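Each chain gets a letter, A, B, C and D, in the order it is written, and its residues are counted from 1.
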Amino acid sequence: MNFCSDNVTGVAPEIMAAIADANHGAAMGYGNDDITRRLEKRAAELFEADLVAFPVATGTASNSLALSVMTPSYGAIYCHELAHINVDECGGPELFSGGAKLIDLPGANGKLDAALILDELSKGALGNVHNAQPSVVSITQATECGTIYKPDEVREIADLAHRHGLKVHMDGTRFANAVASIGCKPAELSWRAGVDALSLGATKNGAMAAELVIFFDRALADRFGYMRKRGGHLFSKMRFVSAQLEAYFNNGLWLKHAGHANKMARRLADGIGNLPETQILNPVEANLFFVKMPESVLTGLESDGFRFYREGGPETIRLVTAFNTDPAQVDAFIASAARHATSIPRRAVRTSAA
Amino acid sequence: MNFCSDNVTGVAPEIMAAIADANHGAAMGYGNDDITRRLEKRAAELFEADLVAFPVATGTASNSLALSVMTPSYGAIYCHELAHINVDECGGPELFSGGAKLIDLPGANGKLDAALILDELSKGALGNVHNAQPSVVSITQATECGTIYKPDEVREIADLAHRHGLKVHMDGTRFANAVASIGCKPAELSWRAGVDALSLGATKNGAMAAELVIFFDRALADRFGYMRKRGGHLFSKMRFVSAQLEAYFNNGLWLKHAGHANKMARRLADGIGNLPETQILNPVEANLFFVKMPESVLTGLESDGFRFYREGGPETIRLVTAFNTDPAQVDAFIASAARHATSIPRRAVRTSAA
Amino acid sequence: MNFCSDNVTGVAPEIMAAIADANHGAAMGYGNDDITRRLEKRAAELFEADLVAFPVATGTASNSLALSVMTPSYGAIYCHELAHINVDECGGPELFSGGAKLIDLPGANGKLDAALILDELSKGALGNVHNAQPSVVSITQATECGTIYKPDEVREIADLAHRHGLKVHMDGTRFANAVASIGCKPAELSWRAGVDALSLGATKNGAMAAELVIFFDRALADRFGYMRKRGGHLFSKMRFVSAQLEAYFNNGLWLKHAGHANKMARRLADGIGNLPETQILNPVEANLFFVKMPESVLTGLESDGFRFYREGGPETIRLVTAFNTDPAQVDAFIASAARHATSIPRRAVRTSAA
Amino acid sequence: MNFCSDNVTGVAPEIMAAIADANHGAAMGYGNDDITRRLEKRAAELFEADLVAFPVATGTASNSLALSVMTPSYGAIYCHELAHINVDECGGPELFSGGAKLIDLPGANGKLDAALILDELSKGALGNVHNAQPSVVSITQATECGTIYKPDEVREIADLAHRHGLKVHMDGTRFANAVASIGCKPAELSWRAGVDALSLGATKNGAMAAELVIFFDRALADRFGYMRKRGGHLFSKMRFVSAQLEAYFNNGLWLKHAGHANKMARRLADGIGNLPETQILNPVEANLFFVKMPESVLTGLESDGFRFYREGGPETIRLVTAFNTDPAQVDAFIASAARHATSIPRRAVRTSAA
């Protein structure tokens, strides 16, 4: 009954089986194995692109290393103020880039506003030696607020970035949730919309520790292998990372997982959204959302054994569902919340923002 | 029949089982789980020390991150010229330390010579702003040549380092092999001999991807957590890394594994050491050694399907055994080598250097 | 007739004479000379403190190097969004700190708001490995808007910082202007108000290329010498940098210069503040201010040969006076502005914000 | 009577006059001034090349910044083990490059041996992710031993470097001494011999604090401006740095200075070379050399007021002459040495190595 994060979950059985299956005989290390080779081909098919792909094991590594080859050390990376790279990686992008500068921008529902990026780019920094040089726009898909950029929204930002000579990075920790939510092809939300590099997550969606850095702009990939090794992210027994990703893509597992997690979030939001004094704070488009509930309800939920992070403001929590969230647990959460809410005088019913 | 490295092997069954066992229910991420907490206690018992321990997943991460909290960015790290940190990590220690300088020294059989370190420390760099500041001595145990520092040898270097205000790091990728070879307690080869921080390996000895950074000097640990996170090496589903290490230590598995690998190396060296024109180049004390053999023998072995790295000079190869090396494969290697050696005119029989 | 910056000026005659005087005979390099030794004593007297002082030659070096010893690489530095370290040093602090994070905050008139800093510090980053660790508050004195923190304002911020374990840095590029404006002792605006390290400027106030990094918290100074050397900022013929600073302090030259520059800014603001459609945008407390004037006036001034930066918004310019600004030029500027303003229909007279 | 270094000297009168001359009226900062623009043209004429040139103020900045745009952070820089960048810059190249690796090689008389570089390049690092990537060869001209690479020697190394895709950097702190010694054109010792970037010194040859980073490979210059600013090496009152360099080049002052210094070194070496038990350790080709003399002579010289560094071995000192070394002081040194040598039993007369 843990709704803290999609990383409190374990490993999906299909992925655990793939790890066990990879454990036969010797295989050359550092990615010179058959599974890793197959994986890149598989990713190319899925994304319908002539891409270059590098497995790594954590989201911070995936984001920081991708960014490190997209910006010079004196570069600036535009991102949302809530972006994981900005607030939750303890300066990982700064470390791997050699001290690039993250310029964080506000934006409703965790989404970057193209107009604000344009404002920044119009300040005259480009080519001015006194300023960090605008180099990358990084967007999170799905966002840290559980919302999703539509393909057109990605394209608008990407076009703006490209017009000014910047590259586009997508933190796709929950990319599967975005694809499943929209029901589009992976290509439509990535390279066809202008994304140059995608940090595609699997760990939060059923893998043990596996992420895939994908370069649609192949030139960016030249330096990545060195940065990955230097960063300690080139695994000697790489086959066990690659096997997770291969299983992740097989038979649409990644989208099945993400679709389930999305559905559970929807079910949860629908179940609590109309409780008294309760306000869903963001559109519920993926597998997480923020909700404001009376303190007595929050305390009641906690005493009933439900876990979640208090985050985003007073009486506000983040609720996250996952690939293996049990509908019964969702329903139990709703029931608990409803029970604790009964004692609340009904002042105003706020509907979900979605 | 792959003798290239101990990382071409798979995962030991006990460790794979531990991974599977860890996959039950939700667990808080980033090391806030029961297995990780147990692991640190287990390590403290094994090493009979009030230590601080951090699981990571690769040897480069283990070494580079440990060093990053032992030296300022303007520091110098003394190491052997063949040290993994010097030649095989693509500048990992330089990256994480912010540009510290590795000063590499020669030394027979891959071992640092205390006299040469003293020479370096006597050059007047300490306190001189023009010079990188001597900060760490890093020794590899077992060495890259498959040799081992005895406790007294470690202590001599550590005492020298401490007298000059330097810290002592041990790259213990094959620390288990060293302990098994000597038959001492882990403490004797580490903190009791003056080691301040140990990068203890498991991946090459049966784990999937797990290493443990151990600080005997607890003050060094304060900054490590931030560096690990920033470096992308804090795993969200940490329990699966910790479970590997827990199983590694359980029932002496780590020493059983290492002992077997050592024994296989000894068997291999004994079997080929007396072949004509064959010279074992280093004492065989752990699970790897360098050997010079006639080109015709090397080619013959390769054509028989044996794999190994040509490394260390002309007609020279490195042979590595592992926790799961099959004695039959060792014997097959010996037989193949002997067969290909029969056509060689016997000029001189060189005995093993061991 | 150049009001672009106080760095478009030349060198004060007293300082040029000191440079020439220093050019007699041989002197040991790298600060091991008599002038440099005298300088530190002189600074200690002036600031009535047992300080450690390091001459450097540029403001970016002074700020970036000072910060580099005040924060770990995973640290966060709080500063105003307009701070020179944030927008005008091309990532210098990020480079020298090894990738620390600048967290910029808004604030009226270029001044940090203690309440906003407290908000940031209350977000829970301290001790949380996912977040850059709050390490330094950096304030600019006088600010980039030409305003001044009173001693009590500095102390409020410094006390807040110290209570949370942060250090306090002051970018004192125009520290002399602040001291001259308030008429206080240097100590009152620095260490007595809680400043741990001061980057004291001279270049913009009559020196050729000389700044002094002063540590009131002596422990911070230990690492500085190495960082300065490593950064290429340890001058071999240091006496010529130190001589500038010695002359700067002699006979109150620094405050005489700053007082003159402040007076010229006041004269300029008074002269144009009441022109039609003209709005002085900040209190005029030091030697620069922002002013909004009709485009026709700005174009007219430019065509009359006056130079200034268009900055801070539409129809907005920054005007900077200096130690050697000629009152006649100020009056000429006022006359030109008034002449070009005559054709403007007087809608509303806005008074200076000061 | 100070023979410690050519940086213990003051400033040449012509250069001091140029500094004073530059101090008229306002000039735009950061290199947007007439003198700086003229300087680049002047350098282009002198070197007969379409170069890009950036003034900086210290040798460490000149070397470290030049290297920072010639290597990726995961690059390797080959240099002599005595190179200033390797032992006397406290890790400056490591800082500015983001952690590149200096690989130092031995070589007689301070000169790199092309065969040893080839050995290194043949080890297979190129393209191997485990190894720092060979990126630059840096040679010092004149060397730290006071010897000189002939144009053909530079070319041999440069051709080797270029064939393997490496760039060639020249630490030309004493480039003037080399040109004056050989009597060639500057182009012959730089770009015509394959040098891609030259850190040209002036400070040790009569300037106050001025060095010129010259890129013959113009593509390398693109990133330099940002690195210089970020490093705190973009001077606001740049004209005073550029004025030094302009005067340095005017009327052949730089070569006149260097020629004098070289001549003084020759005179000194000739005068002491035949004293008993005295051995000049390197060919005397520029303005410094190492000499071994009996301890009693060294002590005698010191007691007579002569200053020099004991360096390079037992009873060994480094002697450096400069642009303004007085022949009378040289003769006084010789006389003092001869006087103190008289009491030494003449065992063997060793002639100068030159």
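Here is the rule we go by: a residue touches a chain if its C-beta (ideal position, glycine included) is under 8 Å from a C-beta of that chain, and two chains touch if they have at least 3 such contacts.
Since the model is a prediction, treat every value here as computed from it, not as a measurement.
Provide the labels of all chains in contact with chain A and in contact with chain C.
Common neighbours, chain A/chain C: B, D.
Any idea what the CA-fit rotation angle from chain B to chain C is, to the nearest 5 degrees?
That rotation is 180 degrees, given to the nearest 5.
Out of A-B and B-D, which chain pair has the most contact pairs?
More C-beta contacts join the chains of A-B.
Using mean CA coordinates as chain centres, what's the gap between chain B and chain C in Å?
Taking the mean C-alpha position of each chain, the two centres sit 52 Å apart.
Let me have the rounded angstrom distance from the C-alpha centre of chain A over to the C-alpha centre of chain B, please.
35
Give, as an integer number of Å, the spacing between the C-alpha centres of chain D and chain B.
41
Got the chain A residues that touch at least 2 other chains?
Answer for chain A, listing residues that touch two or more other chains: 73-74, 89-91, 95, 98-99, 129-130, 133, 226, 229-230, 234.
What residues on chain B touch chain D, complex-wise?
73-74, 87-91, 94-95, 97-102, 129-133
Could you list, by residue number, the parts of chain C that touch chain B in their complex?
Per the touch definition, chain C meets chain B at residues 30, 72-74, 98-99, 129-130, 133, 223, 225-230, 234.
Taking the complex as given, what residues does chain B use to touch chain A?
On the chain B side, the touching residues are 2, 4-5, 7-11, 16, 19-20, 22-29, 56-62, 64-65, 89-92, 95-96, 203-204, 208-209, 226, 229-237, 240-241.
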